[in-house]
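Read through the structure below, which is laid out as structure tokens, and then see the notes.
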Amino acid sequence: MKEIKKTVIEKITTHFKEVTAQQHDGNRVDFFIGKEEIPAILFFLKDEMGYNHLSHIACVDWLEEKEFEIVYIVWSYTDKIKIFVHTRVERENPVMDNVDMIWRQANTYEREMKEMYGIEFTGLEAPEEFLLEDWEGPPPMRRDFDTEAYAREKFWERPGREDARDVRETIIERTGEELPDFAKKYKR
Amino acid sequence: MINDKNSQKIVDIIQNFARQHSLWVLAYGTGCGAIELPPTMTSRYDAERLGVRGAATPRQADVLLITGYLTTKTLKRVIRVYEQMQDPKYVIGFGSCTINGGMYWDSYNTIKALDRYMPVDIYINGCMPRPEAVLSGFAKLQKLIQAGKADGAKKYKENLEWYRANQKNVIPNWRMPEYNW
Amino acid sequence: MKEILYYTWGAIVSFVVAFSVGITYMGLNRKITARVQNRYGPPWYQNFIDVIKLYSKKTSIHHGVMHHMGPAFIMVTAVVSLLVIPILNGNKFFPNLNFQGDLIFLLYIMVFGPLGMALGAGQTGNPNSAIGVTRGLSQMAGFEIPWVMALVALMIQYKTTSIVDLMNVQVESGRWLMFSSPFAFLAAVMAMLGMFRYAPFDIVGAPQELASGPMSENGGKYLFVMMSAGSVFTFAKLTLYVDIFMGGADNLIILVVKTFTLYLIPMLYGITSPRYRTEQSVRWFWGWPSFFGLLAILQAALF
Amino acid sequence: MNMIYILFTLMFGGAILTFLAHKVSGLLRDTLFVLTVLASTVLFYTKIHTGDTVDFSISGLSLQWGINAYGRIFSMIVLGLGVMASFYSVSYMKGKERLGYFYFNFLISLMSMMGILMSHDLVSFFIFWEMMTWSSYFIVIYNGKNVQRSGINYIIFSALGAYAMLMAIVMVYAHTQSLMIPDMMQAFPFFPAAYKIWLPILFLTAFTVKAAMMPLHVWAPDAYADSPMAYTSVFSGALSKMGIYGMIMVFVTMVNYLPDDTWFRETIAWLGAITAIMATLWAIAQDDARKLLAWSSVAQLGYIITGVAVGTPLAMLSALFLSVMHALFKATLFMAVGAIEKQTGTTKFTEVTGLIRKMPWTFISSLLAIIGLAGIPPLGGFVGKWMLYESLINSNHYILVIAIFFASTSAFLYCYKFLFGFFLGQEEKEWEHVKEAPALMVLPMIIMATLLLVFGVFPGIVLKPIDLGMQTLGYSTTAGTFWSMSGLFNEWGNQIMMRPLAYAIGGTFLFFLIILTVKGFKETRYVTTKDISSSGEVPLEHENLTFSEGFYQPFLRAVCPVMKRRMMTYYQGFGQGMEAFFDYLRRVYSGNGQTYAIYVIVFVVILLLFKNSLFG
């Protein structure tokens, strides 16, 4: 396992100059790379190294750093290794390269990210509304979107639940644990 | 003779008896509550002995059973299904999500009170209500029907504008056939 | 004029009897299914309540003229086949048209209604309805073969195509055709499984797959007429089987006993079976049932 | 001058005048065309009586034309359909090209069919037969599409039949020195044994090509589908019946005298049944209405052939009755397809849906025709089917009756497909502009559909002339023993009375229809076909949910083993084999002088070697 991970890292770092690799325990390797290189590295992983299974495309909202982090998770059936490819795009006006010609299923994740985070994918196939029908508000999964205020304003609420609280507050009260700093900042 | 008051009363009693003991349920399995229905229908609790029976399509159904939270997207379909049902029709809201939003009270796409959008005859409380609670809900509905008080459809017809305004408030692109009963 | 009134009266009496017996059978079916599944089950009169409820539905919709007429078509099949099938031996109490029609007429009038209803189902525009209809027609092409083979075997053995003559044969010889033509009976009973459309042949209205198929747009009064037609037709089919295989019946009680015994076959077979796919169902009927039908014809032709 | 001469002069002259009038004006041409058909029909039914004959001779051959009661049955089909189809085609063909050509051939084929029915001698029979073939061939290729496939196939098979018939005629003439059909029939029992076998086979080859029986049917589906619908109604309704006309004559006069006719009859009857089954299965698989109806025509002719081949009086009655009924319902259906083609421009089930509210009269007439085709009481088709089944059961054809029953049960599948594909299903925006066809097209359909209903309840109307015709063929009268005005009987004395049954059906239907309509009349609404219970979805305007692709896929999967083999592939294989064989033979001509020299030397050597045995 360790040798395989090593060779993978070697291969990638020789082919792509501006990539930083990070080893994890178990069968996981992370790569951090600029957003222009993403299609190239994914193509390389799929065609040259046999990582032909796209497990997931995830998005993380780094509000403080004003960036979105997009993570592509690919898997090889021969190496039995997950590779996480991280990249960052700026939060204002985020544009990303579309990879659904590499994996057809990437289309689903990209459409979801487009609706939930507002990331534009260039040349996305079938860009009409997907999960959110008739949605008019801002992209709801962004961290600066206040769901509670939105819900209170949009949906009529039955009286008698004014004491309803964020579930995190309840947990904190019960266990006495501390909120992390970034969460405190955006605490409702 | 039909207009005669007493004979109309007898007809009403027979009709209400039939309606009461033959409830064809269209279970709109929106949320987690759908999983409570199989035990309700199968041999442990056996709702069929009360005349409760699954219906395949809204055209045949009497009771619309909404089993859990409703996003705006499913609410649209539920309203459509409700309007396709034939009068007399009843709605059972199932679980606390339909009553006050339940655990989804602060969700950006989940409605919090079903009765703002369609006439609910019976709410069954719980998260989720157990089959016993479901059966007691059906029994309560039967009592209402027997007394002739389960008139949700009539309420809907009379207050259609109010319901429509609420529905259109959460569903911006309103595109449905007219309801003109 | 008097004759017409007489026959109309006979039709009404037969209809009422067939309706109440048939609908009780369907209720009993539900009860017995429930008992087999270890449930308490609905009361035996549950289907009466359902029918009254369907009748008392206030509103109903239709998708056009054919859809509106569909249930009337299927009622024609039920009532006319009930009129053609003699209900009791010697044509007692139930005057009807059974000298005017024979078995071949019966075979064809039995598809009149389903086809008419299929047109109604087609007009709804619901894809489930059309799929259900194609399945039903395919299955009909399946089960009609053993059924016709059984009937042809009886016809050539007793040199008649009339149901009354077949009943008279059994009354005179005192022997049921079920025993003297066992292969024909086997083939006919296997065809009956398809005719009743209980599992494993319930591919037409499979509620989980097709949302009750051809009936998926029918509610209220339309479903009421269809359900009544179904119960009348159930009784008519069972009576036909009793007439030609089990020696008919001298009075209503014997008829009810015999028909219910026969009804248990598709019912119990259905309770314990899953569902076939369409082509499996069609091929099943062209397999063993048709083989027994062939044996029946051989028996009739050679002995 | 004899009326028979006038009839033929009228039709032929009318044809030529119509052709010429095309150059002058369209209205004149149409008027002349319709008038010719109408006038000859009126003339035939008012002035020409059963038994009229006319003798003449051309260059020593004495010929005779006349009409007997048997021919009159078929003249009913030819002229009746001719009148209906001529009105229809005036409207249907409006705006198409080369109408003079079309009408000319139309009239010539009507005339030649009348000629076949009225020829009492083999020469004019053959000539009219060829005229019929050629005129119909010219109409098959009128559209100019698929000429290779449909036109060439048709003419090749027709030529095969014609050669067979010519050979038979020569054989008859060589033996009897007479060309009269009655002479041939009288002389047949005294023919040599080989003649007795070969004559019916040769004649049947000619007739079964037109009747599209199993090994010789491959031309029929394409030819029916590719000719203009106005003519296909005549083509499938009347022209194919000429084959039946001939077959019945062969069976009645020749096969009866065969030393062992059972095998002969059984073979033909089974071929008919197999035709019916296979054509039905192929009809189910079609997605084009014209193809579907074409295959269905082949299947229906299969029943008729079976009835003819079985040959008991009841079977013959049923075959003739079915011929009339088939002419009625198949012509109606082809006309309906033509109307839809004219209004929408396509005949594919996968393209057109939901025309019922736009073309109600077309729907009603095709509904009645389909009920007749499926053989559902109380329409005419049922009467014919009933007699066919009873005759097969009574004459101990037990397996045959199952085969026929299978074919007619499977026929429900394509019957439903026809009605559903065009008229039912979701109504689409694309076809919103469609309007009912012109009255001239609708009226013939309505009339024929109504006739189907009338003949179903009172089959005696048709059975009476059929009975007279059968008496001409040597059967004893069947009136009273097998049929009455509205009743039918089989040989065992079982009966079916159509009138009370029709009343019962109609009465029950009306009663429950009234209940359905009156109950909650105000609370019953019409909703559009977009408003369906499909899991709460509302289909968009352009979304069509009609189920029309792969309509009977499960059924076809169940029967696919029998549908793997097609007759056409055998013929193609035969053709390719012949081509390869002659290609091989052609190598003899190598073009090399030395090879030819070797041939000469080898030939001389052989001659020398076998000189004694050959010339000695």
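The letters A, B, C and D name the chains in turn, as written, and every chain counts its residues from 1.
Convention: contacts are C-beta pairs under 8 Å (C-beta built on N, C-alpha and C of every residue); 3 or more make two chains touch, one makes a residue touch a chain.
Just so you know, these numbers come straight off a predicted model, no measurement behind them.
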item	value
Farthest-lying chain, centroid of Cα atoms versus that of chain C	A
Chain at the geometric heart of the assembly (C-alpha centres)	C
Two chains joined by the most C-beta pairs in contact, as defined above	C-D
Whole-Å gap separating chain B and chain D, where each centre is the average of the chain's CA atoms	59
Distance from chain D to chain A - Cα centre to Cα centre, in angstrom	70
Centroid distance [mean C-alpha coordinates] between chain D and chain C, Å	36
Where chain A touches two or more other chains, by residue	none
Residues within chain B bordering two or more other chains	57, 59, 76, 87, 181
For chain C, residues that touch 2 or more chains besides their own	57-61, 211, 216-217, 220
Touching pairs - complete list by chain label	A-B, B-C, B-D, C-D
Complex contact set, residues of chain C against chain B	30, 34, 37-43, 46, 49-50, 52-53, 56-61, 207, 211-212, 215-220, 223
Touching residues (chain side chain B, partner chain A) in the complex	72-73, 76, 99-101, 105-113, 116, 166, 169-173
Chain C contact footprint on chain D (complex, rising order)	354, 356-357, 367, 374-377, 382, 385-386, 389-390, 393, 396, 398-399, 401-402, 405-406, 409-410, 412-413, 415-416, 419-420, 424-427, 490, 492, 494-497, 500-501, 504-505, 507-509, 512-513, 515-517, 519-520, 523-534, 545-547, 551-552, 554-555, 557-559
Residue numbers on chain B that touch chain C, as the complex places them	14-15, 17-19, 21-22, 24, 42-43, 46, 48-49, 51, 53-54, 56-57, 59-62, 85-88, 181
Chain D-touching residues of chain C, taken from the complex the two chains share	7-8, 11, 55, 57-66, 68-69, 71-73, 75-76, 79-80, 83-84, 97, 99-102, 104-105, 108-109, 111-112, 115, 118-119, 122-128, 130-131, 133-135, 137-138, 140-142, 144-145, 148-149, 152-153, 155-156, 159-162, 165, 211, 216-217, 220-222, 225, 277-279, 282-283, 286, 293, 297, 300-301
